[in-house]
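What follows is a pair of complexes built around chain A, which joins chain B in one and chain C in the other.
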Partner chain A sequence: MAHGSSAVNFKNPAVRWVDRRLPIFSMMHREYGEFPTPRNFNYLWNFGALSMFFLILMIATGVMLAMHYTPSTDDAFASVERIMRDVNGGWLLRYLHMNGASFFFIVVYIHMFRGLFYGSYKAPRELLWMLGVVIFLLMMATAFMGYVLPWGQMSYWGATVITNLFSTIPVAGDAIVTWLWGGFSVDNPTLNRFFSLHFLLPFVILGVVVLHIAALHVTGSNNPTGIEPKGPQDTLPFHPYYTMKDTFGLAVCLILFSIMVFFAPNFMGHPDNYIPANPLVTPSHIVPEWYFLPFYAILRAVTFNFLFIPAELGGVILMFGSIILLFFLPWLDTSKVRSTKYRPVYKWFFWLFVIDVLVLGYMGSQPAEGINVLIAQLATLYYFVHFLVVLPLLGKFERPKPLPRSIAEAVLPRGGGAADMAAAPARPMDKA
Partner chain B sequence: MRAITSFFAALAVLLGGALTPAIAADEAPTPPAQDWSFDGVFGTFDRAASQRGLQVYLEVCALCHALDYVAYRNLEGIGFSEAEVEAIAQRVSVTDGPDDSGDMFERPGLPQDRFVAPFANEQAARAANNNAYPPDLSLIVEARAGGADYLYGLLTGYVEAPDDVELSAGMSYNEYFPGHQIAMPNMLLDGAVQYTDGTEATPQQMAWDVTNFLAWASEPNLEDRLNTGRGVIIYLLIFAGLLYAVKRKIWAKVH
Partner chain C sequence: MADTTEHGADPEHEGGTRRDFLYLTTAAVGVVGLGVAVWPFINSMNPAADTLALATVDVDLSALEVGQAITVMWQGKPVFIRYRTPEEITEAESVDPAILPDPQTDAERFPVEPNYMVVVGLCTHLGCVPLGQKSTDPRGDYGGYFCPCHGSHYDTSGRIRQGPAPENLLVPAYAFVEERQIVIGEEA
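And now, the complex of A and B:
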């Protein structure tokens, strides 16, 4: 550890005393104070910080909800209603937590699509991206188990459908499902373990987030041009430039979040979850939370047996495959150019992929009947074609636009010293 | 094997909405939207309507439907005074105990009691209602797609069954109920209650009032939520404006 050499001379004697023994202030100064950050971030680079905010919000509200929640099939639903009606500010805590989950996924999805658009997963940031995919998987598991806790109809039946996915595993499927449930159906042992794991996993996420950020501070951030900073003219210190920009972005995000929490808190929920769980009555449509809908559509898209693989198993394989695929993205995309801004053909495929995911999401919310099945199947097919055919081939055939020589050349009026940059855009803030 | 079976059962529901109620549920028309006082950013509960709605609930609905999550003390939220709440609570008899000798005993209700349910358990409720289970009404507005509009539509939606529909024994035809055949008969007939404030108790009026009351019962903190929300949004707008100004100032040097 070479921290001693880079230690800052702090004026405050107490800070200096601590820092000599544990250079935490030096570290903060280095990683969040003067940390050289590309000068040309657009507002899409706010979403990492926003994700962090929502993780902390979820942990804070979740810990307080856990003080009032009772994880038992007899009392869970009533204890949530007690939180809503009798706990001081309980309705606010629960609505923050409920809508916080949705917003966490919104900001993380934007964060991921930002990475896709600007090629943030390419060398040397492969591991950074893969850690992000791990966080995403953990988030999905945590959100799924959290949705079971209020023990409403959708909680119960969602848990039944999703845990039953594992029954499609050949040979050991049934045993695995019984083991997951802690019994022969979704019941009290299931609820108890889901509560325990729902409390634990966010801290695991926090741990992986630390690794994600540590990896980021090794490679440095990508930026809208996708070219590495070549010198001090290309970067700004993280503070105050990006601390300020992130704070402003957070305030804007909080306005949207507050509109949902205070004026439409149940908009993204399902009315059936205000009916206590009843194992004898199946809801007419079992729908997962919106953030799972694209994957749910992929799960349901396989309606036929393929060779020796039954349809149900095929759906499960494709659904998990659609996420596992993201781990291999850095090697599936063969183009050396990171930013889609300089990839005239890929640009169209990127937006086609965005539309594809939206179509999948919509199909996941609709009953799988008639033309819907075919649309979902085609959208599923394209999802995989995008990763397995388009990305590997396009890098070989596409002729990218010429890259600017440096970030400064691309974004500054006088090109950071280059004389021939009259055509460069005038203001970095306009760069999308 | 059981896991596989239930997986297929679940999947059958998903694929094609194979169960008949699923299809029927989609066929019920959407009830028309009403102009509720609690809608929108400046929503409040209509105190007078909610209080009349309580009377409808107590005199009509409460014969079959429980209101488990609401306590009598909560009624102060729709404008009753402490004394009025005590008077309302005292009208019911609550089983309490065990006392010092180990026996349960009856006593008049207190404000802290929750609304007393009409039946001891689901079986008793079914036995008295042609095997149908009248749902608890504490969350009925939150727990139905369409919310208050649906509830009002349902309560005013009793019509003659079309000729091609054969009603099962003890069932009524309702325009807005999923599947149309509902076990609850039309209870809100002209003059089913005598309003203490002199309002004429038409079926529409009673349906309107009890929907107001049950909307409050579903989310008694709604006014608190909207009030807080308006303050939070105004605060955040000003705060975001200031932050933007500071951000512009800081970045002016490097643009």
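And now, the complex of A and C:
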């Protein structure tokens, strides 16, 4: 049904003419029209489409903002204020862009949560997952550089702290930081290159998103049971079923987004960033944007030298390591059962991991002193234990619940599932 | 193409035909060429000539009285210069370096003219600007500088005494061109 490049016979002669020469209409029909999609998606499956929406929103608002922004240390702050006060609708564009960044991360984090809970990273979707991690890394780089552009106090000092991380690299560290800065501190050359890269990277993200979706359309989507569709009774055509479901989810999301943009546009920002950058005065409490907080907590958790590795370098290694680990997740998790619904022991570890990340996020927002340091260290330790100890071992020892024989059997009221399920013996290595 | 290669291969010279050699040398030249071509792109991000031209700064200290301090910008970073009082110098010299987290004597830090403390005003922890240049600023428990970000205390020689900072405040390269005039950024 979904396979083969059989051209659709379109009624409109113009469409047919184009499609014979470049079959984009056939492709759209095949990949977004009749594309067989598991019938049992829940609302967590909306968040890929929502991420796409926010990427496009960020590019659209960003291109408009770039028409009014001046990337120079003398004028950047004033040009942003001019966008807020004088440019027609500039305040709206900027607030959409600012809050759009936060919402982009919210929906992407929920999208990742979905993938983790339902084991969407497992074979044959490893590459799909890894492309997602690449997108996540690119998003973080883009967001970091974008936050520098208004040239407020948090912009300047955030950029200083983060670029200084590279100075911990042995031998070449200082040369690398000078190269990143284009000078001897965060200054005009730094702002200019960050603007250039902040403009470029979203299009790189868009390119990787195309690969991410292409890989998705090879394997097909995972679903809440984690078992593959076995036939037409398990799937629905993407249109109209999931186009409608995604549209409904988008409407709900946009209501929440509008509440933030119109009634609390600065809720997720820092007041200090409305003070122009001043290299002579440090804000008393430098905090990154909320979406970096768990990683910031890991960075600061290392307060001691480990063997020959100084504390600062140790923190940097762990922070990057915490994301690099995600690339190896498909092989670290040895369980063949995808969905956490059928993993009675992993379920508890999964939620413990979620709480652990939330604790790290909270610790990242707090001053690193007293008991906070110890809590952040324990949470960091558990983060790595989860990936490097719990996931590899649990797949060997856990006895998963019996899997339904098909999606239809699992979700249809008269699928006759209960009796059969009791009959199916549960084995530790039950195949999905 | 592939077939041609197969036919041209001499079975007695396995893994090393003339064509393999040409492939490898061509690839090597290509890689070197690519590296050479990429270098101007990477190098364009290094400090430009006008940025490098500002790598030193002259500071006139003649107006500075005992106990006073000035902050100058050097390479985009604040440099603290303090005309220390005799008590501050005595205190800095009397410390046994063995007890310090980053052992250094005051004479090692300011060998030419101990009256002036010249340090980069960035905390070695995360790069905040410490307080203590103004007489009304908190100067921490050791009379030098206090970083409000994470509570590092520096003494009257700019050495770390307490708190998370790993190193003493950096002493920039500087030289006296006249009795009371220095160039920061130039070796003595």
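Annotations
Note that the second predicted complex is superposed on the first by the 410 of 432 C-alpha atoms of A that agree within 3 Å, B and C clash if a C-alpha of one lies under 4 Å from a C-alpha of the other, contacts with A are read in each partner's own complex, and residues count from 1 in each chain.
Quick note on the criterion: a contact is a pair of C-beta atoms (placed from the backbone, for glycine too) under 8 Å apart; a residue touches a chain by one contact, two chains touch by 3 or more.
Given the structure is predicted, the values throughout are model-derived calculations rather than measurements.
Of the two partner chains, both chain B and chain C are touched by A:Asn164.
With both structures placed on the common chain, the touch criterion links A:Arg193 to chain C but leaves chain B unconnected.
By the touch criterion stated above, A:Glu312 is placed in contact with chain B and with chain C alike.
Legend: residue contacts after superposition of the two complexes on their common chain; A:Asn12 is shown touching neither chain B nor chain C. In the superposition on chain A, contact of A:Pro279 is made with chain C only, not with chain B. Once the two complexes are overlaid on the shared chain, A:Met244 sits against chain B while remaining clear of chain C.
In the superposition on chain A, contact of A:Arg85 is made with chain B only, not with chain C.
For chain A, the partner with contacts to more residues, out of chain B and chain C, is B. Once the two complexes are overlaid on the shared chain, A:Gly183 sits against chain C while remaining clear of chain B.
Under the contact criterion defined above, the residues of chain A that touch both chain B in one complex and chain C in the other are 157, 160-161, 164, 178, 184-185, 282, 284-286, 303, 312, 367-369.
Against chain A, in their complex, chain B makes its touches with residues 1-4, 6-11, 13-17, 19, 21-22, 25-26, 41, 68-70, 74, 135, 138-139, 142-145, 147, 178, 218-221, 224-226, 228-230, 232-233, 236-237, 239-240, 243-244, 246-247, 250-251, 254-255. By the touch criterion stated above, chain C contacts chain A in their complex at residues 42, 45-48, 51, 55, 71, 73, 75-78, 126-129, 148-151, 164, 166. Listed in rising order, the residues of chain A touching chain C in the complex are 157, 160-161, 164, 178-187, 189, 193, 279-282, 284-286, 303, 310-312, 367-369. Interface residues of chain A, counted against chain B in their complex, comprise 39, 78, 81-82, 84-85, 91-92, 95, 157, 160-161, 164-165, 167-168, 173-174, 177-178, 184-185, 236, 240-241, 244-245, 247-248, 251-252, 254-255, 258-259, 261-263, 265-266, 271-272, 274-275, 282, 284-286, 300, 303, 312, 367-369, 427-429.
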